[in-house]
Amino acid sequence: MAYFSKHYHDPGTAPGTLVAPQGGRPVKLHLIDYSDDHVEEVSLTNAADCRTYLERDSKTWVQVNGQADPETLRNLGDLFDLHDLALEDVLNTGQRPKFELYDDQLFLIAAMPLFDGETLDIVQISLFVGHNYLICLCPLDEDPFEPVRKRLRQPGSRRFASRQIDYLLYALVDLIIDSAFPVLEQFGYQLEDMESKLLENPRQQILARIHGLKRELLVLRRVLWPQREVLTSLMRTDDPLLSADTQVYFRDCHDHSVQIIELLESFREMATSMLDIYLSSISQRTNETMRVLTIIATIFIPLTFVVGVYGMNFHNPDSPWAMPELGWYFGYPLVWGLMIVITAGLLWFFKRRGWM
Amino acid sequence: MAYFSKHYHDPGTAPGTLVAPQGGRPVKLHLIDYSDDHVEEVSLTNAADCRTYLERDSKTWVQVNGQADPETLRNLGDLFDLHDLALEDVLNTGQRPKFELYDDQLFLIAAMPLFDGETLDIVQISLFVGHNYLICLCPLDEDPFEPVRKRLRQPGSRRFASRQIDYLLYALVDLIIDSAFPVLEQFGYQLEDMESKLLENPRQQILARIHGLKRELLVLRRVLWPQREVLTSLMRTDDPLLSADTQVYFRDCHDHSVQIIELLESFREMATSMLDIYLSSISQRTNETMRVLTIIATIFIPLTFVVGVYGMNFHNPDSPWAMPELGWYFGYPLVWGLMIVITAGLLWFFKRRGWM
Amino acid sequence: MAYFSKHYHDPGTAPGTLVAPQGGRPVKLHLIDYSDDHVEEVSLTNAADCRTYLERDSKTWVQVNGQADPETLRNLGDLFDLHDLALEDVLNTGQRPKFELYDDQLFLIAAMPLFDGETLDIVQISLFVGHNYLICLCPLDEDPFEPVRKRLRQPGSRRFASRQIDYLLYALVDLIIDSAFPVLEQFGYQLEDMESKLLENPRQQILARIHGLKRELLVLRRVLWPQREVLTSLMRTDDPLLSADTQVYFRDCHDHSVQIIELLESFREMATSMLDIYLSSISQRTNETMRVLTIIATIFIPLTFVVGVYGMNFHNPDSPWAMPELGWYFGYPLVWGLMIVITAGLLWFFKRRGWM
Amino acid sequence: MAYFSKHYHDPGTAPGTLVAPQGGRPVKLHLIDYSDDHVEEVSLTNAADCRTYLERDSKTWVQVNGQADPETLRNLGDLFDLHDLALEDVLNTGQRPKFELYDDQLFLIAAMPLFDGETLDIVQISLFVGHNYLICLCPLDEDPFEPVRKRLRQPGSRRFASRQIDYLLYALVDLIIDSAFPVLEQFGYQLEDMESKLLENPRQQILARIHGLKRELLVLRRVLWPQREVLTSLMRTDDPLLSADTQVYFRDCHDHSVQIIELLESFREMATSMLDIYLSSISQRTNETMRVLTIIATIFIPLTFVVGVYGMNFHNPDSPWAMPELGWYFGYPLVWGLMIVITAGLLWFFKRRGWM
Amino acid sequence: MAYFSKHYHDPGTAPGTLVAPQGGRPVKLHLIDYSDDHVEEVSLTNAADCRTYLERDSKTWVQVNGQADPETLRNLGDLFDLHDLALEDVLNTGQRPKFELYDDQLFLIAAMPLFDGETLDIVQISLFVGHNYLICLCPLDEDPFEPVRKRLRQPGSRRFASRQIDYLLYALVDLIIDSAFPVLEQFGYQLEDMESKLLENPRQQILARIHGLKRELLVLRRVLWPQREVLTSLMRTDDPLLSADTQVYFRDCHDHSVQIIELLESFREMATSMLDIYLSSISQRTNETMRVLTIIATIFIPLTFVVGVYGMNFHNPDSPWAMPELGWYFGYPLVWGLMIVITAGLLWFFKRRGWM
C-alpha cells in the first residue's frame, strides 16, 4: 500500500471541478423503492430515471457502484440538488470520513476497511440522505450491502421498512463500522503469530512484517478516528432527518466505534513493544554467540601458545638453557598436565561467571 | 489470552439479534426478595417466575449465572421490558463497560478482572436496575457476590435492606471495582520479582514475562478506563433511580477506580522501563564478554607470534643471518623475558583503560 | 535548511519598526481590478497608484511580489490604514500563520510549502482584506497564484467575479493549503524508497536521510498546525467581511488542512519507526557477522592447537614418553581423523543451535 | 519500597468497616485550644475528652499521632459527626490525596513525602475541618507540625491566632506541600551525581540506581498530581469554611504545588534520557573494546601465518621447490622485512579509518 | 547548571517571611519619572525617597537592580502597599512566571533567559504595576532594559511617554520575551553543529553535549510555558490597569511566546532524535569493526591451520603415512596453491555477502 493514497486536484483548481480519474469503470445504478407494504428493485441505466421514484411517497435507496464518472455525478447532483464540494469529495476518493449538514440533506463520507489477509484496503463510501431518499456511492464493482437488502426483502421486515429513511442509513453505517471487527480479528491473529515466532527465533522477515502491520494500523487509525466523530455527530445532531429513535441505534454504533479504536490502539502499542523485544532478542543472541566464541577462544589460545613454545628450535648444544624441557624424561606428559590445569582453571572461571 | 476476544455478529446483522454462543452452559436463576423486615431467597427454573415478586412492594434481586441463552434473555426482556440492544450486549460478551439510561431503567456493563496468578480473565457483569428490582447477569457458573448476600442476610443489616435498590447496585459495583486491587497487588509482586531477577541475571524468559505482563496491563487498562467513566456517570447522573445519599458512596467507588487506574499506569511505565533495563543489561554483558575475550586474545596473540618466529626452520649453515638467536647461549630465557615484558606491558595498558 | 530561520529585531526595539532585510530585491506591484463585467490588470511602480482603483466600486487585488522594502510597506500602510505590528510581521518573515481581525480589515499570515525534491522551503504569504480590496504579499519574485488569475480572466468566470472579495481570499488560501499535497506526496515516495532500501541494505546514508526527512516534517508541522487554527477562525468568525456562503468553502479548506496534518503525523511516526528498524537491522547484521566469525574461529582454533601439539620438539630418545605418537605407523592419518571428528562435532553443535 | 502499598478491605466488605491494621501502635492525642488571647496545650488519653473544648468559642486543634485504632476513630466520629467513608479512608492509608465537602465539614487527605537519602516514604495526613475545630491524623509517632505549633505559641502570633480556623489548615497544608522541596532537592543532587558518573564510567549499579529513582519519582508523581487538584479545590471552593483571605494563601500553595510537579516531570525526563545515555555509553565501550581487539588481532594474525609458513618441514633434498627460502643467505631478515611491511601497511589502514 | 535551583524556606515557615539570601550584594535604585513633556532620571539610596515622585501626576518607573535585601523590600512594600506573599516571591528567586491581580495592582514574575554560549541562566524579573508607577526588580547588577530607557529618552518618543503605564510594562515584557530568540538561535547553531559531527564521527563528547542541550532546553521550557500563560492573562484580563490599546501589543508578545515554545519543542525533538542516531551510528561502527576483524580472521585462521599441519614432526621413516607430502617434489608449491584457493574462495564468499 502506498503511503500517500489521496486523489487531489492541482492546487488552484476551481472548487467543485469534476475530473474523471484514470481507469474509471462504468458505474452500475441500482434502485430500491420500499415502504411498509412493498419493496421494488430496479437496475437503472441513467441517473435521471430516479425521478419517477422520487416523486412517490415511498422511500428510495439509490445505490451507485463502481468508480463514479463526472457525468453521472452531475446528473445526480442536478436531480437531488447535491452541493458541488460534496460531489468533488465523492470523486476524489481517499477523503477522511466526515459528516456535513446541508439545508435539507445530510452528506456523509465513511471508510470501510477490507482485508484479504495480505493487503488492507480502505473503501470510501459516500452517502446522501434526504427526507425520503438515500444515495449511496461505493467505488467497488460489487457493494457489500447485500445483507441489508436481504433484511429489507424479508417478508417480516415491517419494522425496518416502516421506519424513517434514517434507519436505512443506520443499517448501512452499522455494517460499515462492524466490518472493522473481522479486520482487527485477523490483525490480532497475526500479532499472536508474530509474538510466538519472535521469542523463539527472531528473524529479519518478522521485522518487516511488524513494520508492515504498524503501517496498516496507522492507515486504519487515520480513518477510524474521524469516523468516530462522524458517529458522535449522528448521535447528537438535532435535525428532523435524524429521529431520536434511530439515534439510540447510532449510540450503539458509536460504542462499537470506540471499542474498535481502543483495540486498534492496544494493537499499535503491542506492535511497538514487539520491536523492542526483537531488538532485545537480537542483542541476546549476539551475546550468546559471543559467549561461545569467547569460551572456545579463551581456552585454546593459551594452549596454542604453550604448544608453540615447544615448537621453537633453540638448539645450542652447549647451553643448559636451550629448552632443557624438551629433553626431560617426562617433558611431554608434563606439558599435557600443564594444559589440562589451564583448561580446568578457565572452565572453573567461566562456570563462576555463569557463562556455561 | 487472545489479543482479540470480543464476540461480534457478522457485519450487517439486524440489531438486537440474539444468537447463542457456542458451548453455552445452562443458566441458574437465583432470586432474593428483601425489605427491611424480611429476606427471601429462591432458586428459579424459569425467568417468568419472577413475576409474582415483581408485583410486591419489596426489592427484588434477580441473579442470572452462567452463559445466558437467547430464550432466557427474551423472557427476561419481555417481563422487565429490556431494550433489544442491551440484550444483545449481554450476549456478546467482551463489551466495554458502559452506562445507559433508558426511560425508567438503568443499564450497566461492568468488567471484573480475575487473576489466578497465571492468566487474567475479564468477566463481563451486566446490570439492569428498575425502581424496585435489580437484574445481574454473570457468565460465571458461580457468581462472586456471596459477600453481599451475606451482608444482606445478617440480622442487623437494616441499614442495607431499608435503603433504595440503588444501594444494592452500589454494593455490587463496589465489589466489582475493588476486585482489581488483589489483581494489581499480584502484578506488583510479579514486577518486584522480575526487577530483582532482571538486574542479577537477565534471561530471555524474563523478556517474555515482561512482555506478557505489559499485554495483560493493556487488556486491563482497556476495560478500567471506560469503567471510570461509568462511575462518573453514576456519581453525577440526576435521576430518581439514583439517590443523592447513594451517590456519595459512588463517589468513593470513583476514587478507588481512579486510584486503580493510576496504579495501573505506573505499572505499565515500570514494565516499559524494565525493557530498557533488560536491553542495557544485555549490552553490558556483551561488553563484559568482549572484554574478557579481548584481554585474553590481546595477550596471547603476540606471544604466539613470538614463539612462532622461533619455530621457523631457517638453516643455511653458512649464513650468520639464519636465526642466530636460536644458537645463543641465553636465547631461550631471553625469549621468555621478552614475552614477560610484553605481557606486563599489555596488563598495564588494560589496567589504565579500566578494563581489569 | 537552518534550524532557526526566523527574522527578528534586537530585543527592546520599538514595535512596528521596519528595517529592510539584507539582500532585498526590488518589489513588483501588480494590480487586478475586477467586477462581474470587467477585469483589468496593471503593473504599478508606486504603491500610491492604487488609490484611484480603491475609490471605485469594483474589487481590487493588489499583489506585491519580492522582498518588500520598508518604504513600499509604509506607503501601503498609509493608503490602506494597515496596523504597525502587521507590517512588522510582513517584513520579519518566518512568522507562524495567524489570523487577526482589525476594525474593518482582516490580516492573515499563511505558510506555503515548496519542495523541489531536495530542500523544503516555507514561503510566508501575507494577506490583508478590506471590504473591496485584497493585498497579497509574497516574498518570491514570481508568485504562485497564476491559476487563480487564469480563472478570473476566463470569460465565463462570472460566478467568481460577482462574489464578495472573500471568495478571492478563499481561492488564494485554498491554493496555499493544497500546495502541501504534492509536497507530502513526494515525502511519501521518499519514505517508500527508504523503507525498501532499509530492509535490504541498511547504510549510514539512509540514516542521514531519515533524520533529514524527520527534520523537514517537523518544520512543516510547525507551520501547518497554526494554519489549521487560521482556517478554523476563517470558518467560524462572524464578521461582515466573511459571508456564510464563502465559509462553506473555508470548511472544505479546513478539511483538507486536517487531512494534511494527519498524513504528516503518520509520516512522522513511520520515520520514527524506521529509525528503530535501522537499529534492529544493524544489530541483526552484527549478529550475522559474529556468527560467521564464531563458526570459522571455533572450528579452526582447536585444529590449530592439535597441529601445534605435533609441532613440538620433545626429543629425548631415551624416554618412551617423548611424543611417541610422532613415531607411530598411522600417527599422521590418526591426527587427521581426530581433526575430522572435532570438526564434525562442532558442525553438529552449530546446526543444533540453528547457526548454520 | 513495594510497588503496591495500598491497604484495602476484601472486595465486598461493607463501606465504613473499620478494621485495625496489623502492628498498630497506641495513638497519642494532643489538643491545642487557642484564640487571639490564649493558647492552651493538653495531652489527652481519650477522644471523648475533647468535648469540653469543643463547646467553647475558641479554636481547637486535635492532633492524633500514630496508627489510629478503630475505637479512637469511632469515638472521634461520634463526637465530631465524621462520615463513615472518611473514617475508612483514614484507616486504609495509601489513599490518593482528595478533598471532600460534607455538610458543615471539610475532609482532606494529603500526602507528605519523606526521604532519608535512601528510601522515600509517603505519609498520609488526614484533616477534618469544622467551623471551630481541626482534626489532624498522622500515622507517624512524631508529627512534623512542630514549626506550626511554635509559630502559634509565639507571643506575637496574634495575626495567626485571630484568623479563622482555615488559616491553621493553610499552615498545615503549606508545610505538607513544601516538604516536597527538600526531597526534590536531594533527588536533584542524586541525578547530578549519576550524570557525572554515567559519562565517565557506566556501570551496572548506576543502571539500578536510575531505575530506582525513576520508580520513586513515579510514586511521588502519583500523589502529587491529585494533591494539586486538592489545592485547586481549596483555592476555588465557595464555602463559609474557607474565607477569601485565606484562599489567597492557598493560591500561593497551589503555585508551589505546580512548581513541584514541573520539577518532578523534568527529573523524570532526565532520568529517562540517562537510560539512553547509559545504553549509548555501553555501546560505545563495546565498540572501543572491539577496536582494540581488531587492531591487535588484525596485525598479529597475518604475522603468525607468515612465521607458520617457515615452520613447515618440507625437506625433499632433491627438490629445488622445497622451501628454498629457508636456505637463502638473507632469508631470515627478509621475512622480518616482510612482516614489518605488513604491520606498517595495516597501521596505515587503521589510521586512515580513524581507528587509532 | 544545577537540576534544582529554587530558593525555598524551610517547610513550616510563616508566609511572607523575608530572609536575606547568602552573598547578597547591595541593591541599586534607579528612578525614572516621565510624562509626555519631561523625563527625569535619579539614582536613589533609600526606597523611601520614591515618595515625592509617587505623589506627582507623572508616571514613575522604579528600577531595583541587584539581589534585593529584606529591608529595601519591606520599605518598598510599605510605601507601595505590596502583598507579603509577593515580596517573598521576589526574594526566593527561581519562581515560575506568574501573573497576579491584587486590588489595584498587578504583580508579575517573568523569566529572562541569558546564554553566553556555555551556560544558560534564567533571571527572574519581578514587576509591580499600579496606576501611575511600575516597580521592576532584577537580581543582576546591570539590568538589561537600557534599550527601553533609550527609547524613552528620545526627544520624539511622545507616543511612548503619553501612553498609560501599561505600555511601559509591555515594553519591558516584550524585551524579556524576545530575549529568548537569540538564545534559541544559538541553540539552533549548536544543534546543526552537533548534527554534522554526529554523522561524520560519533564520539562520547557529543553525547554529553546533546544531553546537556536537552537539559537546558528542559530548563528553558519549564519557564517558557508558564510565561505564555502570563501573556494570555495580560492579553485577556479585563482591568482598568490594562488598556485595550496595549492589549493588542500583548497579543503580539503572546504570538512571539508561542513561536518560541514551538521552536523549543522542535529542538527538543531533534535532540532526542540525535540520541537515536548516535546509538545507530555506534552500532554501525561496531558492525564495521566486526566486519574487518571477521574478514581478516576468517582468511588467516584456516591458512595458519594449514601451515601448522606441515609443521608437525611425524617422522617414522618406515611408514609411508608419515606426512609423505613433506617429501613430495612439488609439495611446497602445492600448499601455496591450496592456500591461494582457500583465500580466493573466502574472498568470493565475502563479496557475495556484500561485506567488501
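We just call them A, B, C, D and E in the order they show up, numbering each chain from 1.
Basically, a contact is a pair of C-beta atoms (placed from the backbone, for glycine too) under 8 Å apart; a residue touches a chain by one contact, two chains touch by 3 or more.
Predicted model, so just to flag it, every value in this text is computed and none were measured.
Novice: Under the touch criterion given at the top, what is the topological distance in steps from subunit A to subunit D?
Specialist: 2
Novice: Could you run down the chains that neighbour subunit B and subunit C together?
Specialist: A
Novice: What is the graph distance from subunit B to subunit E, where chains are linked when they touch?
Specialist: Minimal hop count between subunit B and subunit E: 2.
Novice: Between subunit C and subunit D, what distance separates the C-alpha centroids? Give it in angstrom.
Specialist: Each chain's C-alpha centroid was found; their separation is 40 Å.
Novice: Once you find the CA centre of subunit D and the CA centre of subunit E, what distance in Å lies between them?
Specialist: Averaging C-alpha atoms per chain gives centres 25 Å apart.
Novice: So which bits of subunit B are touching at least two other chains?
Specialist: In subunit B, the residues touching two or more other chains are 279, 283, 286, 290, 293, 297, 301, 304, 308, 311-313, 323.
Novice: Does the chain-touch network form a line, ring, star, complete graph or other?
Specialist: ring
Novice: Beginning with subunit A and moving on to subunit C, name the chains as they sit around the ring.
Specialist: A, C, E, D, B
Novice: Quick one: in the complex, what on subunit C touches subunit A?
Specialist: 144-148, 151, 160, 171, 174-179, 181-182, 184-185, 187-189, 191-192, 195, 199, 248-249, 251-252, 255, 258-259, 262-263, 266-267, 269-270, 273-274, 276-277, 279-281, 283-284, 286-287, 290-291, 293-294, 297-298, 301-302, 304-305, 308-309, 311-316, 318-319, 321-323, 354-355
Novice: Which bits of subunit C are touching subunit E when the two form their complex?
Specialist: Within the complex, subunit C touches subunit E at residues 2-4, 6, 8-15, 83, 85, 95-96, 98, 100, 201, 204, 207-208, 211, 214-215, 218-219, 221-222, 226, 275, 278-279, 282-283, 285-286, 289-290, 292-293, 296-297, 300-301, 303-304, 307-308, 310-313, 323, 326-333, 335.
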